[in-house]
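Same chain, two partners: subunit A is paired with subunit B first, then with subunit C.
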Partner chain A sequence: MFMNALLSGLTLGGVYALVAMGLTIQYGVSRSLNLGYGEFLIGAAFAVYVLFGALGISPYLLALVVVPVAFGLSWLIYRVMLTPILRRARTPVALEIDSLLLTFGLLFAMMGIMLLVFGSNYTSYTYLSVPVRILDATVALNRLVSFGAAVVVGALAFAFLMRTRTGMALRAVAVDPVGAQLVGIDVKWAAGLAFAIGGAIAALGGVLISTYMTFTAEMGVVFTMKALIVVIMAGVGHVVGALLVGLALGLIEAFVAAYLDPGLTVAVIYAVFLLALIVRPVGIFGRAVR
Partner chain B sequence: MIVRSPVPYILILAISGLLAFMPFFASGFQMAFAIGCLNYAVLATAWGLFSGPTRYVSLASVVFFGIGSYTVAVLGEVLPWPVILLISALIGGGVALIVGLATLRLAGIYFVIFTFGLSEMVRQLVTWYEVNVTRSIGRYIFLDITQPQIFWQLLGLLAVVLIGAVALQRSRLGFALRVIGGDETMARHFGLNPTFAKLGLFTASSAIMALAGAIMAPRWTYIDPAIAFNATLSFQVVIMALLGGMHRIYGPLLGAVLMSFLFEALGSQFPQAFSLLLGLVFIVIVYLLPNGIIGRIEELFALKRAVPQSTREGERT
Partner chain C sequence: MLEVSNLSVSYGRHLALSDVALSVGQGEIVVVLGANGAGKSTFIKALAGLVTPAPGARILLGGQSLERLPAHQIVEAGLALVPEGRHLFSTLTVAENLSLGAFLPRTRAQASDSLERVFAVFPKLRQRLSQIAGTMSGGEQQMVAIGRAMMTDPQLLLLDEPSLGLSPLLTTELFRALPNIAATGTSVLMVEQNSHQSLSISDRGYLLEDGRITGEGAASDLLQSEAVQKAYLGM
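Moving on, here comes the complex of A and B:
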């Protein structure tokens, strides 16, 4: 039982870490919290479900189509929907409330469209559902491949952020938007790019999760919530922190489900989140000033 | 700033007094709609009571509403009705006190996220308790409370809440709250205690929501955690308050009435499109009505009379 919980926790946590990394890049750089984040994940899951059913191409290859589309769509949403709000805002608090409400709207609109098209039923498909034995536990191959893909893409995104000039520009904006502008970084461009990268990563997470999990049109909120918990617990904009806490969250979830009660996973995660908020409001890895 | 005209009180009492005759001639359908509308009005006004001055967007309305409903479901046949109402308000207020103590020191954005997930957590805890301890997921509520009685109770509650809100706004505490909402750091320098004031308001507003949940409970006859803690309600309450304008006492009330009609008209024709509709209304409000309908009306009047705007600047989003 222990090995089973550990493996399912790691595979799930890997995807959580990836999805949370996307949100922390998106939120940390653009400073607009996107509550419709999880809808990109579920939207991608549905897109793969439809395309896989129609064409029979491997979901992992379909990601090559779905992810760039999500990238473009997120960028468009940022430019069309969020920039007018940014221009109008007088104070940071007003901007925060406005962008929250706007992305609530986005969340419900996207969920509403998916509900209209797919209904509220649980959806799933089978792909690579081959049992693999590791030590004395069994894991489905699709979980392992998804975990591997999450690790590879996570590492690539991390290298992009740390090693390239563009990545450095994004990090600079996350630390200090005004200072970044002073050294010649186009902050609006950086924010749009970060928003798009976040959406693309969410879509990839959706593709990976869809291979082994049943999903519904209404589940986006759950993923937004979990990603947000990870991002805030780690400290907004802290990429390594998001990866570690995301992994930990997956493990906690798996162990609570295995040893306590599958019905209590959210409650326990939530209690941990509350504790972290009270003890360290800036996040475990966060610095005092955001 | 502090006005003492009795007109608002008289107006509230007169209008609710007139509305109290409605059950004598209204049809069953009209009553059902009026009850739903009143329920939203109470919830949105209570929400605005806390979120209007403090600018904290709470998504926990349904937590307290559900607590009220569950109190009735558990105690309904054991205790007399007024005692149940009192207990539900106390439990709602108590939970709000604990939640507030833990979260109201945090920045606004964390509060939103926390309350966003709180309803999910409470629903899961109640479900877990029902499955593992009482061994049945739902509960039945058989009480001799008729539709008109529910209507009168809600109407009374709404009148009391509105009168309380007006009285609060005119009090020193109300003024302090507006200062806190405008600039918390400045409020601290004035010697105000923002956390204490926010906590008090949050508790009061939550107790009202719990009361509304308790009053509404007999309408269901059957409840389970998914019905009582349906997170959509929290969003509906927020959107109603914002549509009307959360910086005025009557804003949420106006929004609740308008949205009730909209949901009724569109919800019955396109039940599948409810989420999409909710989303679009959110987006429209943010772009076109950032201060709600009341805010827009005030702007129009201000333009006509060319009153200098600078005095009201602090209250704007």
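Moving on, here comes the complex of A and C:
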């Protein structure tokens, strides 16, 4: 039982870590918390479900189409809907409140469209559902492949942030947007790019999760909340922290489900979240700097 | 080299800056003196594009108009601001902060020359490259902030109250460094309350009161002037 829980926790946690990383990049750089984040994930899951059903192409290959579309769509949403707010907001707090209200609306709009098209039923499809034995545990191949893809993309995104000039510019904007302007970084451009990268990562998460989980049009908010919990627990904008806490979240879920009760996973996660906030309000990896 | 005329800024109905005119020549150090609330910060933020000037303002740097450009393009044009509060990338290292200073393609090519110039002015920074900027003392952070601005390879360096929050010793050290920067051809324009030390290293000075320029002259004359001594030097 231990190995089974460990494997299912790691595979799930890997995707949580990736999805949380996307949100922390989005939120950390653009300072706009996207409450419709999980809708991108579910939207991508449905897109893959439809395309896989129609064309029979591997969902992992379909990601090559779905992810760039999500990138473009997120960028467009930022430019069309969030830049006017950015121009209007007098203070960072006003910007956060306005963008919360706006993306709250975005959540319902996207969810409404998906409900209209796909209904509220649980949806799933079967792909690479082959049992693989590792030590004395069994895990489905689709979970392993999804975990591998999450690790590879997470590592690439991390390298992009740490090793490239564009990545360094994004980090600079996350730390101090005024300072970033003063070295010649176009903050609006950086925020749009971060928003687009976040949306693309959410969509990839949706593709990966759809290969082994059932999903509904109304489930986006669950993923937004989980990603948000990870982001806040790790400290906003802390990429490595998001990856570690995301992985831990998956493990906690799997072990609670295996040893306590599957119905308790959500309660335990929120309890851990509250505890972490009480002990470290700035996040486990967050630094209390101005 | 910098020519400012007709510069006004209002916040809502409050007129913070009214018809300011000022010039800075190549390699010159110019100080704008003013009390709290005189409009010093507004003035320097307007030059850097962080607040929007009223229509009709003219800000020319080497012949290029800056008054309508966003902040990041003003850096590209050759004007660098060391802001009040420094706005360093506090969780990044000193090396990363300096390297971000040379973010623009125009400045990237000069990055290693610029870095040598920064080290020539602030030799201390060479040993501190791997330190996280937010963990440094106020004076050291001010050096990094000025160094980062120098990395943008500016024609004009703007300093918003560089001595604010520094000990007298550090302030002296900082003001000693400024002529070395000007000697490399970069002009320096600062706003200050600490008038004695800032005037003593400046070529010229302006007096700013209630958003208006009320006097100007050679720094040595201002240092002697009775009115300035009364108003700013506390004598």
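The rule is short, and it goes like this: the second predicted complex is superposed on the first by the 289 of 290 C-alpha atoms of A that agree within 3 Å, B and C clash if a C-alpha of one lies under 4 Å from a C-alpha of the other, contacts with A are read in each partner's own complex, and residues count from 1 in each chain.
One rule holds for everything that comes next: a contact is a pair of C-beta atoms (placed from the backbone, for glycine too) under 8 Å apart; a residue touches a chain by one contact, two chains touch by 3 or more.
Computed from a predicted model, the values in this text were never measured in an experiment.
Peer 1: Kindly say whether there is room for both subunit B and subunit C on subunit A in the superposition, answering fit or clash.
Peer 2: Taken together on subunit A, subunit C would fit alongside subunit B, as the superposition shows.
Peer 1: In the overlay, answer first, second, both or neither for which of subunit B and subunit C A:Ala172 touches.
Peer 2: second
Peer 1: With both complexes superposed on chain A, which partner does A:Ile229 reach: first (subunit B), second (subunit C), both or neither?
Peer 2: First partner only.
Peer 1: With subunit A at the apex, figure out the C-alpha centre angle toward subunit B and subunit C and round it to a multiple of 10 degrees.
Peer 2: Nearest-10 rounding gives 90 degrees.
Peer 1: Is A:Asp261 touching the first partner subunit B, the second partner subunit C, both, or neither of them?
Peer 2: It touches subunit B, and subunit C stays clear.
Peer 1: Name the contact category of A:Val272: first (subunit B only), second (subunit C only), both, or neither.
Peer 2: After superposing on A, A:Val272 lies clear of both subunit B and subunit C.
Peer 1: Mind working out whether A:Val93 is in touch with subunit B, subunit C, both or neither, as first, second, both or neither?
Peer 2: Only subunit B is touched by A:Val93; subunit C is not.
Peer 1: For A:Ala109 in the superposed arrangement: first (subunit B), second (subunit C), both or neither?
Peer 2: So A:Ala109 only meets subunit B here.
Peer 1: If you count the residues of subunit A that each partner touches, which comes out higher, subunit B or subunit C?
Peer 2: Higher number of touched subunit A residues: B.
Peer 1: Which of the two partners, first being subunit B and second being subunit C, lies in contact with A:Leu51: first, second, both, or neither?
Peer 2: neither
Peer 1: With the two complexes overlaid on chain A, what is the closest approach of subunit B to subunit C, counting only CA atoms, in Å?
Peer 2: Value for subunit B versus subunit C, nearest C-alpha atoms: 9 Å.
Peer 1: In the complex, go through subunit C and note every residue touching subunit A.
Peer 2: Its residues touching subunit A are 48-50, 70-73, 75-76, 80-81, 83, 86-92, 96, 99-101, 103-104, 107, 134, 148-149, 151-152.
Peer 1: Give every residue of subunit A touching subunit C within the complex, in rising order.
Peer 2: Touching subunit C: residues 165, 168-169, 171-172, 175-176, 178-187, 287, 289-290 of subunit A.
Peer 1: Quick check: in the complex, which residue numbers of subunit B touch subunit A?
Peer 2: 55, 57, 102-103, 105-110, 112-114, 116-118, 120-121, 124-125, 127-128, 131-132, 231, 235, 238, 242, 272-283, 285-287, 290, 316-317
Peer 1: Which of the residues in subunit A come into contact with subunit B in the complex?
Peer 2: Residue list for subunit A touching subunit B: 33, 81, 84-85, 88, 90, 93-94, 96-98, 100-102, 104-113, 115-116, 221-222, 225, 228-229, 232, 261, 263-264, 266-267, 270-271, 273-274, 277-278, 281.
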